[in-house]
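For reference, chains read A, B, C, D and E in written order, and residue numbers begin at 1 within each chain.
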Amino acid sequence: MNSFLTLVKRDLLLAYRSRGEAFNSLIFFGLVILLFPIGISASEKLLAEIAPGLIWIAALLASMLSLDNLFKEDFHDGTLEQWALSHHSLISFAWARLLSHWIITALPLIIIAPMFALSLNLPTEAIGVLIISLLLGTPLLTFIGGIGVALTTGLKKSSMLLPLLVLPFYIPVLIFGASAVDVSADGWSAAGQLYILAGLFVLGITLAPFAVATSLKVSVSQ
Amino acid sequence: MNILIKWYYRLGAPLWFYPLAGKLIPWVAALFLLFLIPGLYMGLVTAPADYQQGESFRIMYVHVPAAWMSMFVYLAMAIAAVVALVWRVRMAEIMIISAVPIGASFALIALLTGAFWGKPMWGAWWVWDARLTSELILLFIYLGILALYNAIEDKTTAGKAMSILTLVGVVNLPIIHYSVVWWNTLHQAATVSVFDKPSIHIDMLIPLLLMATAFKFLFLLILLLKMRANLIEQDVHSGWVKKIILDKQAEMEKEHD
Amino acid sequence: MLFSAHQLSCIRSHKTLFENVSFQISAGQLLLVEGKNGAGKTSLLKLLTGLRRPDSGEVHWNNLNILNSESDFRSHLAWLGHQNPLKEEQTALENLILLGHIRPRNTNSMISALKTVHLGHVKHKFIKTFSAGMKRRLCLASLLIADTPLWILDEPQAALDKAGIALFEDLAEQHLKNGGMIIMTSHHSVNIAPEYIQTLKLGQESQ
Amino acid sequence: MNSFLTLVKRDLLLAYRSRGEAFNSLIFFGLVILLFPIGISASEKLLAEIAPGLIWIAALLASMLSLDNLFKEDFHDGTLEQWALSHHSLISFAWARLLSHWIITALPLIIIAPMFALSLNLPTEAIGVLIISLLLGTPLLTFIGGIGVALTTGLKKSSMLLPLLVLPFYIPVLIFGASAVDVSADGWSAAGQLYILAGLFVLGITLAPFAVATSLKVSVSQ
Amino acid sequence: MLFSAHQLSCIRSHKTLFENVSFQISAGQLLLVEGKNGAGKTSLLKLLTGLRRPDSGEVHWNNLNILNSESDFRSHLAWLGHQNPLKEEQTALENLILLGHIRPRNTNSMISALKTVHLGHVKHKFIKTFSAGMKRRLCLASLLIADTPLWILDEPQAALDKAGIALFEDLAEQHLKNGGMIIMTSHHSVNIAPEYIQTLKLGQESQ
């Protein structure tokens, strides 16, 4: 537990030190959303219509791209090797990395999402659901993505593989997340979608760290 | 030519520049006020209200000079960038990095005032029109230059990298200026031109020109202040700063006697 | 305490690097693994730590296969590979604190460990401003604060200057005197009293 | 010239060896386009309406993300240093890298774009313009992006800066590219937009390599 | 042929690494730069190649400042830094061909250069399967096919085994005999006839 907290603290400190990095996925998120009004010269109505999907897709892409850094540095500088050989279990290491990665890359994005949503004319009623769906969905994206990264992190040319590995698991999250916002923008209740997301959330968050730890062990032994 | 080069290198020497800038600052500040006060008075009080736009057009006296300055500052930076890259004059780099936040502020003011003006005129804060977009891009370029300079720890390298980026960004200036000609947009076409008779009433024009001149001096004023600050900050460890501090101390002691 | 390897062999991309490597060391002994470039020294060390599985043979810690008694073995092991497991954006002290969490701690203070490797005066500097040798020294400091009898080190002297190498030899000898064990590779002669040292030569055939 | 060709050949060979990498941006491109129908549960008409912008934005993002690899490897393994100290000019090095990077990351994307366009119900008449606009626009993206990468390549934490540096220059390309396809989808002539793109293309392709070479020299001297 | 440095100084993050470093070497001489970890050896070599600009002082090649006669100087220079400028996904021969394009070529064939550094039998293997020492040898081979009198090498012996070091010393002596010049750093003694060698010690103060 002690070393778990130290790890989380280290990661947050590092993220703070190189602030830029933490804003990275935030900027990318904003970018994707910003480019749309520019690129499709759309009417306000059209924008509002695609807003839920757009925000969710932007969040998904930002989350996927930030994954790359999840274990790469620790792998290349030998830190991962050290943890694999320590008397602590790799599971607590995995948990710590996943948690701090989510805090660094996804939390800022959730905080800023309402602003973008409003600028895309999403109805105010849907903002709450947007935030809840992101709060449930983005940890899932991080944790599922973590498995993919752990599996590919030892490979030199891993970047191509990753989307292929994680995307099939991302799509359900996207569907439920986006449709939750979509229906609540149309004035309906999004409870159904949110329950499913919550279920996936619990499942993912309990099982993924085991898978991540096992995959890391495999990667490190190459 | 020779004199020019000599002048250059003298201006390039911090020890020479620092006190000179110090002496200039009060004069520039005075000139700024000299143009600002009548400009504001005429613009806000004596100029006639526009028959089409009513009183809201008065925002022009901030919007237009700020928009002009956002481009003028960039042009000045680009010239300094050439100087910095070709002749390796460090003062030129200091000038650029000092000018960036000022230019960015002007661009931001132009954008904000434009948006406030656009709401009554066009019924929207913002449209993706060529001039508006290219001005927004200008703001981003300013921010990019600033971020790049701050990201590189070694300031010699940072200065060079920044100069290159500044030069690359120059392509945006003609786009901003001619956007109203090249594309049909919502935005006003040029009202003031060096060659043509201005298409604006003389009572409106004079305060506009006064304000534009005042903004130029404002730029110069802030630039000198910032350059002095940046110089001291970068060179704390170097000899000339110590010399200036010693001189200052000697001066103060003399006054005490 | 006993660490032993039995008939180890290692195959990489269809080439047998070594076969039938066996040895045994006990408290206070150092095993020096020698061999040409590409002989398989790094590969052997990875088998000994359990990072890689041997293609045949077994590694034993106190007569138990390390793959079966993993957590017990690991709480006695300190490993230092080719790379320095340091974060560029952290200071020397912060890095050491983190490395301290990986292995069981002994009672030495971090500060005194940093002083021992002559980094006391830069403990609050970022690693990114360190030269190659300074980084390596910081890694050595992490060994000093760990309560692990078995050190497995891959070219610990690399990038160190003469003073640094002498320092390492001192530390190693001290560790052996206290009943520790060391397994290491090196391309250079190691100035440690020969009664501690066993040598293992890998790859006799011309590479 | 000889060394220029060798470099291009090397890059293409390397790309072929690690095929995955070359497909990387292609997959990302496809992904962005694919996620939209999933995420926004849209009608065919709506999709057709946003198709030009969507394809162009996907191309822009794919191009921007692939930039990261442009000089990174050469910088870290010291190859760049070697070229900077060689008696050849860095400009030919820059040209070779930019050209081969475009061939590897953008060309496949242009080849496959019509397929995506059709699946998004873009009118067949607009396909030709789409290809031309991509052929003119993507080299610009690569070449402009190259300047940004060259400026930031020496920095540890460069990834955040890059979008900020290159995006302002990408936006005009996006505007003209997307609007060319847009107007031709509506049955109008896209000549105006294409001429502007062509002008920018010539400008970018002649000037960018100089800027890239100068920036690389600066980066390498750190 | 004359290579000389005049009153060089180098500052990194407000710390003066060295000041007033001057030397001069001519055909057939080797300058060995020595110093502790962090003394600034790597930094000095970068000034000498022109990769970094000195904070004061000048470097001259045949009495011309290298910053003014860049392309002339560079066509006489071969530089080898800490890193190996090799591509993992290419074979040894392919890498050598590319390195051959960077510098002016002499008449030695690639194959014979590879044989000289004992890599003839793996010339079609990918670099990623090479050990640290094998990579370094391949870099040495790239010097053999270049027609450049001045070699500037940062720790060329690092990662080499004893045979590799002896090989390097042979090659270096050969180069000096043929009228070449070498500037290099090393933490170890260099076994080359002392009449060729000048030594430059950096950083006398304790680091």
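Keep this in mind: contacts are C-beta pairs under 8 Å (C-beta built on N, C-alpha and C of every residue); 3 or more make two chains touch, one makes a residue touch a chain.
The model shown is predicted, which means the values in this text are computed figures rather than measured ones.
Peer 1: If I count C-beta pairs in contact for every pair of chains, which pair wins?
Peer 2: Top of the contact-pair ranking: A-D.
Peer 1: Most central chain by CA mean?
Peer 2: Looking at where each chain's C-alpha mean falls, the closest to the middle is D.
Peer 1: Between chain B and chain C, what is the gap in Å from one C-alpha centre to the other?
Peer 2: 60
Peer 1: Can you work out the whole-Å distance between the CA centroids of chain B and chain D?
Peer 2: 33
Peer 1: Could you work out how far the Cα centre of chain C sits from that of chain D, in whole Å?
Peer 2: 46
Peer 1: Note the residues in chain E that touch 2 or more other chains, in rising order.
Peer 2: Only 13, 53, 82, 89 qualify.
Peer 1: At which residue positions does chain B touch at least two other chains?
Peer 2: 128, 133, 151
Peer 1: Mark out which residues of chain A touch at least two other chains, giving numbers and ranges.
Peer 2: 18, 20, 38, 41, 156
Peer 1: Which residues of chain D touch chain E in their complex?
Peer 2: Answer in residue numbers: 2-3, 6-7, 10, 13-14, 17-18, 73, 76-79, 81-88, 220-222.
Peer 1: Where on chain E is chain D touching in the complex?
Peer 2: Contact set of chain E toward chain D: 49-53, 71, 74-75, 77, 79, 81-87, 89-90, 94, 97-99, 101-104.
Peer 1: For the complex, which residues does chain A have touching chain D?
Peer 2: The touching residues are 18, 20-21, 23-24, 27-28, 31-32, 35-36, 38-42, 46, 49-50, 52-54, 56-57, 60-61, 65, 156-157, 159-161, 163-164, 167, 171, 174-175, 178-179, 182.
Peer 1: Of all residues in chain E, which touch chain C in the complex?
Peer 2: Touch list, chain E to chain C: 12-13, 35-38, 42, 82, 118, 129-134, 136-137, 158-165, 187-188, 207.
Peer 1: Taking the touch rule as given, give the residues of chain B at its contact with chain D in the complex, in rising order.
Peer 2: Chain B reaches chain D through residues 85, 128, 133-134, 137-138, 140-141, 143-144, 147-148, 151-152, 154, 157, 160-161, 164-165, 167-169, 171-172, 175.
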